[in-house]
């Protein structure tokens, strides 16, 4: 059996008296999309932030690519190849789309503290950045300022940036948030291709998207994973129906 | 070194501290509620001192002078807020710094224009001058004791105002959620003007009180302003309690440092170099205190975590 | 050529022209004024890296300006008194060579900026403004009360330092040197902001969260920018000391920090030529308004208020228009 790329064991995180994650364990296998679902306030975003290293956890372990990463900060984890996208697009609005991607390419190269060479004409940055933009279909918008991109294009750009990091795993916090049906279809296709590059831990609200995309699903309710399984297993799971799907039905 | 001398220095430190608090309270409120960094706060301090000196000289009444310091600084505060400051709330800190720096230039040079460059001295009324005997055989100037009393009174009053009154409730709401308070139907513009004027009046009063024991002069506001910054960085920006604790800490550290460090160096070197080395290092002491606090609590002792 | 580059070159030409006019018209006062403008511009270019490109509103750059000035003053006066600069932990002799003094000023500013940066950058926003101000003020009070280098009275060294056998006491020669340093610093800055580091710095300003998520720590980028910025301002301090043949604690005062900041704002934040425009404009205002009234700073304050409230891009912003996404 292959080892998981990302393995979270008994992770807990509280804010004061409020337990946002309780003993969460889950893993991400190579080549899969593992969706994390749960009602609002279930602690999904907290879990993503904890895995990404943006907030410290209280207890438990996070293992990534065979190594314990609990002691690393967010930048350190990113450098190991944990590429994260944000629920609300987090981009440099005054920079061009291309530059946003170039920055990620540069971060991976490790050669940031170079003070003299012109970055804008550096083929080592331009080539990979253009390739990533093309992969998400933004090649024609490379020189547009992010502030002038549409909402959907910004979501695509987030993914291009994640791709540029040559990741070993994607950590995606609601990449489809606020998309119209057309954009949804395009992004779904993109995600399906993406998992060939690296597995995706996907937080998503839209159940149709999750059931069509995910290989496995974990259900988070009040900070606890109440079930993990394939789409069929989750659909059939009475606990899930009671705790979560029941509300929607 | 006698215990009485140390006690006297403690009182001096406390007096310095409470005046720093009265100064810092306005700064921290204005920042907490409006998110504005106001460099011109020191100018309001200076304005209060000059108003007090001018009115006291004209009327012969020190109390009228003090009242004038409150009124002048509050009126100047309202004017400045309405004309300039309110256009800066939505701006970034850089614009606020530059605009209020410009205000300092206007106030400082404008005051020089009106009063000339020579320092003014206030004469205390007989009832407030002189010394009192404290237990332990210490005599201490009455007016300095009064300053401590006034400072503590203002601290208590502000604490009650912020925590117990309707205005205070709005101030606290304004700190946490500006849109919410506007939605509740509070006239936020008026609230901001009141808070700014309140801070200004306190600065003006502090200027008049300190000016009475030192001198009233051009540029007296800036050193105090910077100390007040140290105070609210140490205490945590936006927190009245933090400002109080920070002010007393800074006041005591500075006063005791200037008193004790030269003596401490006197144990290991000759007297004149001990005095110069000791006082040079003492002048850096509060900044060391600030750096230490920041190492352990980057948002100050009572600041909200970032 | 890009419009902003053109404007920078134009400003440099104007500055040079003004000084040249002073030379041909035998008005050393104008040359000295232009020299001062060039030096202030260098200080502003330094601050602009932190403040404009990095979004780090340092209100304490007088610390580095003053440290650079004192480095120059101490080394030069030691050489003139045939005394060492220091004997511990190693003996360092004085010098009257400008390049040596410049290097010392840059290194001194760097050594000062590293701890100040480390402490100040732990925080952000308004804390950063106040803390940089407070640290500069700490050095100011130290300079005032430390008697070895003149204390409050400052330190004089009578004759300008030397380089290349030139007569530095000739105003035109010294202007040419300062103008040359300004040109080099501007060229370096133009390269720096377009380099990889410049890209990282821009992201640190616009979106530190994204920078972190890409695997780069904003702190490291900011600290580097802060220190380079301090080194440039320190160099300006050394040049200023040589201009006046005198250093005093006022170089370290908060008022100086405010002035350097004003150069940047008047000229245009995060614009290459901004500090050049700002420094020239500031000195021009000082001259013109100073003729109107002794209390010219009241008028300067009003001008500044108008710029902040109504002309936010500064002079270069007015000339070059809104910035496009630059690729």
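By written order: A, B and C. Residues from 1 in each chain.
Definition applied: a residue touches a chain if its C-beta (ideal position, glycine included) is under 8 Å from a C-beta of that chain, and two chains touch if they have at least 3 such contacts.
This structure is a prediction, so every number in the text was calculated from the model and none was measured.
Enquirer: Most remote chain relative to chain B, going by C-alpha centroids?
Expert: It is A.
Enquirer: Indicate, using Cα centroids, the chain positioned nearest the centre of all protein chains shown.
Expert: Located nearest the centre of all protein C-alpha atoms is chain C.
Enquirer: From the mean C-alpha coordinate of chain A to that of chain B, what's the distance rounded to whole Å?
Expert: Taking the average C-alpha coordinate of chain A and of chain B, the gap between them is 49 Å.
Enquirer: Using Cα averages as centroids, what's the distance between chain B and chain C in whole Å?
Expert: About 31 Å, centre to centre.
Enquirer: Compute the distance, rounded to whole Å, between the mean C-alpha positions of chain A and chain C.
Expert: Each chain's C-alpha centroid was found; their separation is 44 Å.
Enquirer: Which residues of chain C touch chain A once you look at their complex with the stated criterion?
Expert: Chain C reaches chain A through residues 191-192, 194-200, 202-203, 206-207, 209-217, 221, 224, 323-327.
Enquirer: Taking the complex as given, what residues does chain B use to touch chain C?
Expert: Touching chain C from chain B are residues 31, 37, 84, 87-88, 91, 93-95, 97-99, 101-106, 108-110, 112-113, 222, 226, 229-230, 232-233, 237, 276, 279-280, 283-284, 287, 290-291, 294-295, 298-300, 306.
Enquirer: For the complex, which residues does chain A have touching chain C?
Expert: Within the complex, chain A contacts chain C at residues 52, 54, 73-76, 78-79, 83-84, 86, 90-96, 98-100, 102-104, 106-108, 111-120, 122, 125, 143-145, 161, 165.
Enquirer: For chain C, which residues are in contact with chain B within the complex?
Expert: 51, 57, 59, 119, 122-127, 129-131, 133-135, 137-138, 141-142, 144-147, 254-255, 258, 261-262, 265, 269, 295-298, 300-302, 304-305, 307-309, 312
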